[in-house]
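Next up: some structures, all given as structure tokens.
First subunit A sits with subunit B, and in the next complex the same chain sits with subunit C.
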Partner chain A sequence: MIKLLPLIRHYLVYHRGKTVTLTICLTTALYLPLTVHSLVEMLQAEMVRRAEATPIVIGPEGSRFDLVLHALYFHTDAPGTIPRKAAAGVGDSGYAAAVPLFVRYRARGHPIVGTTLEYFPLRGLDIGRGHLPTLLGDCVVGWQVAQRLGLSPGDRLLSDPENVFDLGGAYPLDMRVTGILDPAHSPDDHAVFVDLKTAWIIEGIGHGHDDLDETADPESVLRTEEDRTVASPALRTHTRITPENLASFHFHGDPGEFPLTAILAFPHDPRSGTLLLGRYVGEESRLQALRPREVTEELLGMVVQLKRFFDFHHALMFAVVGLFVALVMLLSLRLRKREAETLFHLGCSRGTLFTLQAAELLILLTVSAVLAGAASWTTVQAARTWVQTLSG
Partner chain B sequence: MRIGIDQLGFEYPRQTFRLHIPELSVASGERVAFVGPSGSGKTTLLRLLAGIYLPSAGHLTLGDTAIPELDDAARRRFRITRIGFVFQDFHLIDYLDVEENIRLPYRIHPALKWTSDVARRSEALAEATGIADKRRRRVDELSQGEQQRVAICRALLPEPGLVLADEPTGNLDPANKERILEILFRETRQHGATLVMVTHDRDLLSGFPQVIDFQNFQTPLPE
Partner chain C sequence: MSRRHHILLALSAVALGTAACREATVPDAPSAGRETLTVYTVNYPLQYFAERIGRDLVEVVFPAPGDVDPAEWRPDDETIRRYQQADLILLNGAGYARWTRHVSLPAGRQVDTAAGFPDQLLEVPDAVVHSHGDGDPHAHAGTAFTTWIDPLLALEHARAIKEAFRDRLPEHTAVFEQSFEALAGDLRALHGELEAAVARDPDRPLFASHPVYHYLEARYGLKLESFHWEPDEMPGESAWEAFERKRAEFPASWMLWEDQPLDETAALLAGRGVESIVFNPCSQPPATGDFLDVMRENASNLHRAFAPDDNAAAP
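And now, the complex of A and B:
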């Protein structure tokens, strides 16, 4: 076999057009199923991992898939809101630790996750540099956000305006980056974390502005009544929270009714989890509680169905490529009849003649498999971040 | 290598005649030329001697070996190790360079081992036939005469006991004809090999002690 290798090399180089065409065909036929299989496997593993790390999700009624994708992957198109007191109700039940989430806005394309400090230890997130938020307007960013935007503790990050043409909409908030999270290889790497109150300020529920009684700008005051001062639209509203204006920030309304988009519940034990879920069963409940693992498996069921279709498609394509390669080899045998005759006349054995032809095909298959493997590995590595975050 | 033929018969497929050679004896180290018109069976006999064709009757021995009685694998092994065949149409592999074509028997059969001595001999043969400077060229880039010389080098390299040459000078100019004949004679003499050569060129026959005319070796088959 080794003695024959130079002959095979000469043949493949001499007929390089045929060699390259066959290699491309075989590489493509191997690359597609290999990559789809690897990506689906990775997607399944990542989704199950994230779902298993979140025992129960509570949120507004509606699509189960939307709620789980929102709570686990921070899709900012939240299915609705629930009152903050619902989170307090979970905590008060004694069944689970409740972590509220309010995720509606983005900063430079990354979701702003309003939550409490409990979120970080429950998700196993560590601060790599800096510290957790301590004041209103502080934020910590995921590792990928810091990498992509070149952020360090002390830098500023502006939330994205909701709608530049909507004067009554949410105004951007200039946030101070206090810390960078260590890599978690999860959607947390791509998120900006703030305290719930900071998220509500972006929502417009809370705000800070000049003190009307002390403002030097007369245009800021519309009129003064007996017991109150009415501000004019010219009153300067702060978009950056500083130690100087921190005290001017305040919220209007009942804090128990402030919105959340989801609650993550971490039951103390399996029985508590079951009892907690039971509280949300019934027509009178306007909330739904889900086990993300079950919803994720349902979602993956659809992915598997889709994969089956692709598998069939790839099998068909592989068969066609196989027939094409067989045809080319058959034609090649005919074209090489004289060469085979020469080798026979010289005294070459039938086994050697067969080995020569088979080794050529084997080398093409090996090279194609290596190329397909390398290309597939590269694709999977490139797609890994996307799969881990499902952020699109 | 001694050649012995007794009442050798060969029937061509779809033909109305057969080749019949009553008797032929060539001593070891002897030179013999086959002459005769085209289609008279000269090349066929060379192929019978090489074991490429099998006779339908009679006896054929090379040295002590009855070639038709060997099995296929043994015949191939005998051919590649003991016989050097210079084909009329060269039978070179067009995608290989000159060196690889000369080395081809050593690539395709485990019985032949490529050693430094064989490599030196290959260089010497290429030098002697005037193709040493073309060893890295592909054979389809060579002239007919040069291709013929590559075929001769390939046949002589394993130092065979029997060299069968089918019109080896057919494509050569007079100067090269003499050069090739000289090489064939020298190499076969040096190694005690028997040389059987088919030729149409009667000017070359002076170098052959034995000349076989194929004029009357074909007999019609009964209806």
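And now, the complex of A and C:
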């Protein structure tokens, strides 16, 4: 066998076109299922990790998939809103710690997550540079946001207008970046975090403006009545919160009715979790409480047929490549018939001829397997952050 | 393709895995595993109550400088971050310390110590009402916040603090209950003193240099007319004219001050037949003694103001 190696090497090098073609075919046939399988495994692990890290999600009635995807990944719109007092109700129940979320707006395309300071330790998020928000209008940004937008503590970040054609709509808020989160390899890397009150200011529930009784601009006052001053639409509302105008910011309405899009509930123990879920069972409840892990599994169960399609696709492709390789080898044998006869006449046994052909194929398979493995490993490593961010 | 579809497609590539049954629960609070709590307050009375109830199980911090009114104080970033790291943040409620509305504090560690008596909170009259365009009218002024000068409301503040301590350090419930009962006894005694003082002449009118005595007025049925005078500032000419007009229709012979007024102001008042007495709300730590000492002195001063003999000071 060893003595045949120089002969095999010379043959493979001389017919390099055929060698390269076969290697690419075999490498591709091995690379695709190997890589997809690894990515699927990683996706599955990361999705389960994110879902398990969020024991219960509470939100408005509607699509439970929308609610869970919204609360975990901030991608989809929530089915609706629920009042702030619902979060207080969770906390007051004594069963769980509640972390409210209000996610409706974006800054340079990244979701603005209005929440409370409890979110950060519960998600295991650490501040890499700077500090957590302290004042209204402050934000901390995920690591990827900072990388993409080149942000540092002290920089400013403008929220996106809800509708660029709605000139009378809510003004974008010019936020102060107070901190950059360490990489978390999760959707949090792509989010901008603000205090709930800041999110409500972007929503338009809270605002700051000149004191109507002291404003020097007569156009700011529409009319003065006996018991009230009516501001005109020309009244300037602040779009940047500064220490000077901070005190002028205020909210309208009952704080208990201010909107949330979801509540993350972290039960004190499994029994408390079960009891908490029980509070939202029944027709009188206008809210739904979900276990994200179960919803995720349900979602996966609904699309498992597609996974089978992928498996079938890979098996088919592997078979086709196998047939192609067999065809090439058969054609090669026919082309090499005179060469084989010459070798036979030189005293080479038929067994040796078979060994020669088999060794060539084995070498090609080995080289292809090594290349496919290396390429697959490289792809998985390169995609790891993307996969973790998408699902983790 | 929407991001939702993007995720759904990604999900479609995922096999239905067998998820582990592990479930996340609440991570440890800052105080977990510790024997003491770090407590931040927004005024001195809450600090006093917390220290009395928590004894050596709590470290109570009230970080405002001594020369500012805590109601109007605005902490800097560094101080806010220290508040954020506290195990417990005691708020007075009733709209007190407006700065807390404009900062980020951990919701689960804040305790509104006035949450137990919303029906006893008093609205500030004469707030300017306005509206934006055709929107609903509203007012930014709201609730009177010097709640603790009423000893029975102070008792409710203390009760909320005790319950917050008990929830976080349940193994020390007996200590908290015992300390609270001692404090409650002192506050009830103080209430008795104030009640007895006013009972000497319940219809006697009083001036107040500043509108901070709403809860005292409500609890003891005081007849009060308030000005906007500061103890360390001499009232201007227009203020004196307003005073004279008010005096003509409201014959009070005593004025309550938050602190000792300027000698000149006190003399001018005395010349008009109005004596000055101090009823210090004690929102900042006193130079000597503690909250209860100051309140007892306030009660003693009030006792003097309601003495039948002193009524002769009126014109």
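Quick note on the criterion: the second predicted complex is superposed on the first by the 367 of 392 C-alpha atoms of A that agree within 3 Å, B and C clash if a C-alpha of one lies under 4 Å from a C-alpha of the other, contacts with A are read in each partner's own complex, and residues count from 1 in each chain.
To be clear about the criterion, contacts are C-beta pairs under 8 Å (C-beta built on N, C-alpha and C of every residue); 3 or more make two chains touch, one makes a residue touch a chain.
Because the structure is a prediction, the values reported are computed rather than measured.
*Asks:* Which partner does A:His15 reach: the first (subunit B), the second (subunit C), both, or neither?
*Replies:* A:His15 sits against subunit B, while subunit C stays out of touch.
*Asks:* Using the touch definition from the top, say if A:Leu343 reaches subunit B (first), subunit C (second), both or neither.
*Replies:* Only subunit B is touched by A:Leu343; subunit C is not.
*Asks:* State whether A:Ala315 touches subunit B only (first), subunit C only (second), both chains, or neither.
*Replies:* Neither: A:Ala315 stays clear of subunit B and subunit C.
*Asks:* Just subunit B (first), just subunit C (second), both, or neither: which does A:Val281 touch?
*Replies:* A:Val281: touches no partner chain.
*Asks:* Which chain makes contact with more of the residues of subunit A, subunit B or else subunit C?
*Replies:* C
*Asks:* For A:Pro6, is the partner it touches subunit B (first), subunit C (second), both, or none of the two (neither)?
*Replies:* Once the two structures are laid over each other on A, A:Pro6 reaches subunit B alone.
*Asks:* With the two structures laid over each other on chain A, which partner does A:Glu118 touch: subunit B (first), subunit C (second), both, or neither?
*Replies:* second
*Asks:* Go through the superposed model and pick first if A:Leu335 touches only subunit B, second if only subunit C, both, or neither.
*Replies:* It touches nothing on subunit B or subunit C.
*Asks:* Subunit B touches which residues of subunit A in the complex?
*Replies:* Per the touch definition, subunit A meets subunit B at residues 3-4, 6-7, 10-11, 13-15, 338-339, 341-350, 352.
*Asks:* Can you name the residues of subunit C that touch subunit A in the complex?
*Replies:* Subunit C residues touching subunit A: 3-4, 6-8, 10-17, 19-20, 22-27, 74, 77, 80-81, 84, 98, 101-108, 128-138, 140.
*Asks:* Could you list, by residue number, the parts of subunit A that touch subunit C in their complex?
*Replies:* Those residues of subunit A that touch subunit C are 36, 39-40, 43-45, 47-48, 51-55, 66, 69, 73, 75-76, 91, 96-98, 100, 116-118, 121-122, 131-136, 138, 195, 197, 212-213, 222, 227-233, 235, 246-247, 249-250, 252, 266-270, 273, 293, 296-297, 299-301, 303-304, 306-307, 310, 390-391.
*Asks:* Quick check: in the complex, which residue numbers of subunit B touch subunit A?
*Replies:* Against subunit A, the touching part of subunit B is residues 50, 52, 72-73, 76-81, 83, 85, 87, 91-97, 100, 104-110, 138.
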